[in-house]
Amino acid sequence: MSFSFFKNYGPFSIFEILKLLNINSKTIRKKEDIIDIKDLSSSSLKDLTFFHSKKYKDIANQTKASYCITTNSLKNELPKKCIPLIVENVLFSTSLVTAKFYPESVNDNFDENVTNISETQFKAKVKFGKNVLLGDNVSMGSNCSIGHNTIIEKNVSLGNNCSIGSNSIIRNTLIGNNVKILDNCVIGKHGFGFFPNNKKNIRYPHIGIVKIEDNCEIGSGSTIDRGSMSNTVIGRNTFLDNQIHIAHNVKIGDNGIIAGQVGIAGSSVIGKNVKIGGQAGISGHLKIGDNVEIAGGSGVIKNVPDNSKVMGYPAKNIRQFLRENK
Amino acid sequence: MSFSFFKNYGPFSIFEILKLLNINSKTIRKKEDIIDIKDLSSSSLKDLTFFHSKKYKDIANQTKASYCITTNSLKNELPKKCIPLIVENVLFSTSLVTAKFYPESVNDNFDENVTNISETQFKAKVKFGKNVLLGDNVSMGSNCSIGHNTIIEKNVSLGNNCSIGSNSIIRNTLIGNNVKILDNCVIGKHGFGFFPNNKKNIRYPHIGIVKIEDNCEIGSGSTIDRGSMSNTVIGRNTFLDNQIHIAHNVKIGDNGIIAGQVGIAGSSVIGKNVKIGGQAGISGHLKIGDNVEIAGGSGVIKNVPDNSKVMGYPAKNIRQFLRENK
Amino acid sequence: MSFSFFKNYGPFSIFEILKLLNINSKTIRKKEDIIDIKDLSSSSLKDLTFFHSKKYKDIANQTKASYCITTNSLKNELPKKCIPLIVENVLFSTSLVTAKFYPESVNDNFDENVTNISETQFKAKVKFGKNVLLGDNVSMGSNCSIGHNTIIEKNVSLGNNCSIGSNSIIRNTLIGNNVKILDNCVIGKHGFGFFPNNKKNIRYPHIGIVKIEDNCEIGSGSTIDRGSMSNTVIGRNTFLDNQIHIAHNVKIGDNGIIAGQVGIAGSSVIGKNVKIGGQAGISGHLKIGDNVEIAGGSGVIKNVPDNSKVMGYPAKNIRQFLRENK
């Protein structure tokens, strides 16, 4: 996480953090300021990070964070310089701390501070439709167009030659050059991330953004959620068809071709030059290699190595699938 | 069906009903007023009900309705006090009678009688965006917010602390407290219910509502249709992700967690604490028990007992599915 | 392709075409004007057509076009009167020529030339909501209604008794009588058609339209893309449920019943009286016969003959599927 649109209200002293997490530490005695909370790989000295699954032990091993929220059974994977804060539920505790650093990232109500574009400086440089609304901290390059009733809420940057359709809603999103976003899209909302609780689920903060790189196209009716602790990324020259759902923290490489109604669940990472047929679904936290082809309608539930073609549910080698399903 | 937003134009005499249904009865001679048309379980004395499938014989057995539209082969399942009206096509006849009682439930054109919220009493108590429209018979609790371009059409009640996103359209819906509805949703439209006819299909009336209970969240781009003769219900603290479709008469229990792009077909009943993975589909008229987990991408075509985990298409026990599909 | 809303900038001389395609022909010496570019079956004398796959050889055989963009290996399928223009990539070359004839069909930015309906001649004859926008070349029959925030962009014709919902966007579409289009639909945008290119994909022109015939209903949140070289057609009295995606060039016959979240990929042709269950997907370039039933959740990857019932992924005979999947 190298970038957030949300204001960091830190630093906070480690003692404040311990208190928030209800940790009664005898070993941590030195008052130190914590600057930020970040994921394992992007943390630096004086940052706090979190480590909740063995899956990430290779990254945990190398974190540069000064402190890490983790469990008793995982703490030994951390480098010696990183002091573990032992908790019951890593993600829940992380969420509490994140909300302290970034309180504005929890609430995703509509943006009240918008202005009709015709009353802003952009009216001279952008082609725009009726009833276009812009929030704070919006920037746009040259030669952009924005369709009717579209709302560019706070924290959006558009490059040059971007075309946004009508009735779309965008927030917390960095958009490159030559990007097209068609009608009725919702981009940059928080993801479907919360802690289930039988009385009232507890949402966790989403401090990440959506990043849409140069030359991409996003089809009508698509939804792309912003990241929680990292970003959601659509790589350069990747085209998405209509009614696609990209969940939080997903990263798609360059030159992807993704057909209608595909869904990619949270935190999955898709390589370069990947083709995904219509209605295919990819489970969360998977790694799909480069040059992979996923047939339409497939359900991918495990990692797919580079250069593979898969099909079926669960998706397997396409030749095998077709042989078994004549 | 204990509640409808639609005006009941009854009572009508049983002779009017017989005439409408083209029934020439010799046994029904007493002029009696029919107060309402309801489903088997919610009917009372002087109501008319309908019974079209053996599946419902246990409920038919105990109906309190005075009359029942049914077929010759089903009529003997009814209690003696309930007089059968024998027809060829139960649902079609029911539809004719329902349209007579509730003529306003057939047409779902846009609501012409809306007012900009800034011209209503709500402007003082609600946070609202640009171009928010409100229909007749709308109520809202304290501390609600409604995003830009959202249309709250007629017959909507919001509790306290509700947050509605932008570009959403809601009608005929009862919403509890602490409910969040994100952007671009369509809630409360009639369902996909009609009688196929080779020249021109005939829509049947939808007199039900959508009920969204306390603490729910509905993701962006979702559609929830109102019930036809009963209600569509989203139970307390149930969270829906983006692009979900909930058809008419579906009932979802409390604490559900339903991931992106799931579809639930008409009249299915989902228990409490049910988790449904992304893109899963549930056929119509099914019963899914409590504490059930349905894996992403599954296609459920039969009832699922309490506490089961299912996967696949057709969905089966998850262990069996994974063993068979290595 | 018998109809396009886009302006034909032709005729162009055959020499201009040859130059554009970088063909150095020694046999074509006569200066002749090319009037139009059309598909194989609708071309007439002095038209240019294209032929890129053996699948179409029976139609190629009978084309009336004077010239045809094709490959060395396919050229012998053409009638003698039709002069082949040999290229490497037929579709790419066709796209270049189409963009020359119809330059306005490439760009799908929002329609800048819209007017609020209350400032047009339609205000007297149409029921309309707030903020309804109309583009150029729009016509409407009697007794139509258009919901709030809906944008009827350029090149749309509505018949009599049509009801359009709110927040929908329509362009390049011919709509018959008694058609209902619900909320949040996007109809008539270009399809997901482009030539993949590792730096920047190249979109090809979509000169076709969407044609929605009498008595149809289109559910909320649906997207229907217009055709590229032919039209996208929804046949008479066909009903689509919510969140359906119909890709470019798809043709659906009369009396279709298509349940929620179905997706039909490009250029597939669906017969009459076809029923498709929820979330089913149909691959591109397939032929589905008349009276076919496709079970919900199915993935159809090959042609389906008339009167069949299919289920599964890949879809097969429904009895066989259910027997194999107990």
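Which chain is which? They are A, B and C, in the order written, and residues in each are numbered from 1.
Keep in mind that, in the parts below, a contact is a pair of C-beta atoms (placed from the backbone, for glycine too) under 8 Å apart; a residue touches a chain by one contact, two chains touch by 3 or more.
Not measured: the values here are computed from a predicted model.
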Cα superposition of chain B onto chain C: how big is the rotation, rounded to the nearest 5°? 120
How would the chain A/chain C interface be labelled, same or different, where same requires over half of its residue numbers to be shared? different
Taking the mean of the CA coordinates per chain, how far is chain A from chain C in Å? 34
Scan chain A for residues touching two or more other chains and write them down. 131, 149, 167, 184, 221, 243, 261, 279, 313
Hey, which residues of chain A end up touching chain C in the complex? 127, 129-131, 145-149, 163-167, 178, 180, 182-184, 215, 217, 219-221, 237, 239, 241-243, 255, 257, 259-261, 273, 277-279, 295-297, 312-313, 325
In the complex of these two chains, what residues of chain A are touching chain B? 108-110, 112, 114, 116, 131, 133, 149, 151, 167, 169, 184, 186, 189, 192, 194, 196-201, 221, 223, 225, 243, 245, 247, 261, 263, 265, 279, 281, 283, 299, 301, 313-314
